[in-house]
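The following blocks contain the structures, represented as structure tokens.
Okay, so chain A shows up in both of these, paired with chain B first and chain C after.
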Partner chain A sequence: MKKNWWKALTVVLLLYVAVAGLLMPVPRLAILNETIRNLYFHVPMWFGMTFILVASVVYSVRYLRNPSVELDIRSHEAARTGILMGCVGLATGSIWAKYTWGTWWTNDPKLNGAAIAMLIYGAYLVLRSSFTDEQQRARVSAIYNIFAFATAMPLFYILPRLTDSLHPGAGGNPAFARYDLDNDMRLVFYPAVIGWTLLAFWLAQVASRIALLKQKVYEKQLV
Partner chain B sequence: MLLFREIWYLIQKDFRLEWRQRAALNGMLLYVGSTVFVCYLSFALRGGELPVPAWNALFWIILLFTAVNAVAKGFLQESRGRLLYYYTLVRPQAVILAKIIYNALLLLGLALVGFGVYAMVLGNPVQNSLLFVGNVALGALGFATTLTLVSGIAAKATNSSTLMAVLGFPLMIPMLLLLIKVSKNALDGLEMEASRSSLLTLVALNMIVVAVSYLLFPFLWRS
Partner chain C sequence: MRNSLSKLRPAFLLLLALLLPVVHAAAQSAADTPEMADALRHDGKIYVVVAVITVVLAGLLALLVSLDRKVSRLERELKD
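And now, the complex of A and B:
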């Protein structure tokens, strides 16, 4: 139980976010209206995705230093969870854009950045599936994971700030300084970020356990 | 110092090989030439006048595809035995740095020839030539740095030529966006001052990519 306190925390936080996020008072802003509540679901996805992808890169680095099947599986499942978070983030963002900007997709640097990130990790999955040798697959995909993260990811956090964006915090401003995120919203937003990030790690952990068990069953069958 | 000597020998070797089997070099030159000509013929239907943004976009797309084709053969061409032979003689860092420098010079040559042919048949609306050529040089360097390691990764997998495009394109999009922006400034004849931050970001990005390639290639080589 001592090791699982963060899972209980995840459940509590996400229940709180679901209830408080939908019921607590929010500022009345033109155009945004009630859709502002999507802030608790859309924005934390990107936080979760960033953290889980960083974790994936950390596992890849550890794999290269000290190869083991477990590290490879953890890195792979973390990347897959990152893709899931990214897809949910794109979907929630798309619905939000439909109600506030009037379209499902616009030519916005953050949208393009998110789409490119999904392409890069899609390429990562394609790369993984084009190897037959397991060790080579693990090693080469770890290398690509690190390379892709180091070359493309910094730009997704730099480029949107250099150009104008429909998102708040664009055009040279840090993301939250201009947010007139009032204190009521902070009370839900910060727990939401922590809760969804923890959920991403939980998902990745469960997925890696399943993959490890499958690997063990497979090895047993070989003997 | 030994590293620089090794790099110098490897670059010399690459150029000598290229010069001895001129088929590949001529092939790439013809590839650029015929792509430009196909573009020219398709736009000639509209009276041959190309709007400036389309001129810019088309030029970079041609360069992108030329780069992928030219760099792809870097590692794919080398036979397995010959690669093993290098690895007994020089250190892996020398191999990757030499390949990057060689690819950058090759792409620079191809890009300049491509620009010449392109400007000849489709007109030359560039107003700030110095900035434009400098930007093309940075672009050649950037494409070479990103694609060299990607070609090394793709060479390990089974369906390398498809993989090369799938892995390389998303990684190059951020760089390409910056290049097209600077290139637009050069076409509009803006001062160097207007593109300085983009140029600096490009240089920094190139340095990151070279550093990451330098660190990761020894792991790729071992498998």
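And now, the complex of A and C:
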């Protein structure tokens, strides 16, 4: 139980975010109106995705230095969780865009950058599934994962800032300064980022453990 | 003068007694109704949405916790 305190923290934080995120006061802004509350749900998806993808790359590097089935599985499941969160982030962003910018999608550098980055990670899954040899699959996908991360992060966080963009946090827009000056929102936003990030790690951990068990059962059957 | 006032005292008291509920009613808002548990119906019933989202989230998290426990049990079983 001592090891699982962070899972209890995840439950508490997410339930708090669900209630406080809808009920705490927010700035009254034109166009945004109450959709400003999406900040507690859309943005943490990208935070969670970034952290879990960092974890995935760390596992990949460790795999390449010291190969083991466990590190490969952990890296893969972390990447899968990150891809899921990225897809949820794209979907929620698209809904938010429809009701504030008036369109589901626009050729904005931040949006297209995120979409391309997700495609790069989609290729990771395709690449992984195309190998039959386990060691080859693990090694090549670990290498690809490192390159995917190094390509995706500038697409998410650097390139959109170099041009004009509608999206906050791009085109010289400060990411949070405008909203985050509001201390009421900070009280929910930071717990939301921590809570959703912890949920990503929790999901990845359970998925990895199931994959490891599968591997163990498979090995036992071979003996 | 003193006599007439003392004779009217019961009438004043009665009037006061009759008027008291009116004063009480006037002090309250026009749309006053019996007190009900209205909290969930305030603010465009947003609290109902909050309750629904909380239940959904709690359900999903409970599923994740139970999955986590099942995996732990399997891990223990496979260790032997």
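By definition in this document, the second predicted complex is superposed on the first by the 212 of 223 C-alpha atoms of A that agree within 3 Å, B and C clash if a C-alpha of one lies under 4 Å from a C-alpha of the other, contacts with A are read in each partner's own complex, and residues count from 1 in each chain.
Assume a contact is a pair of C-beta atoms (placed from the backbone, for glycine too) under 8 Å apart; a residue touches a chain by one contact, two chains touch by 3 or more.
Treat the numbers as computed from the prediction; the structure is a model and nothing was measured.
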| item | value |
| --- | --- |
| Superposition on chain A - do chain B and chain C clash or fit | fit |
| Which of chain B and chain C A:136 touches, first, second, both or neither | first |
| First, second, both or neither for A:7, with chain B first and chain C second | second |
| Which of chain B and chain C A:203 touches, first, second, both or neither | second |
| Partner chain in contact with A:22 - chain B first, chain C second, else both or neither | second |
| Chain C versus chain B, contacts on chain A by residue | B |
| Which superposed partner A:62 touches (first chain B, second chain C, both, neither) | neither |
| First, second, both or neither for A:116, with chain B first and chain C second | first |
| Partner chain in contact with A:213 - chain B first, chain C second, else both or neither | second |
| Smallest separation of CA atoms, chain C relative to chain B, angstrom | 31 |
| Those residues of chain A which chain B touches in one complex and chain C touches in the other | none |
| Residues of chain A that touch chain B when the two form their complex | 64, 113, 116, 119-120, 123, 126-127, 130-132, 135-136, 139-140, 142-144, 146-148, 150-152, 154-156, 158-159, 162 |
| For the chain C and chain A complex, residues of the former touching the latter | 46-47, 49-50, 53-54, 57-58, 61, 64-65, 67-68, 71, 74-75, 78 |
| Residue ranges of chain B in contact with chain A within the complex | 146, 149-150, 153, 156-159, 163, 166-167, 169-171, 173-174, 177-178, 197-198, 201, 205, 208-209, 212-213, 216, 219-220, 222-223 |
| For the chain A and chain C complex, residues of the former touching the latter | 4, 7, 10-11, 14-15, 18-19, 22-23, 202-203, 206, 209-210, 213, 216-217, 220 |
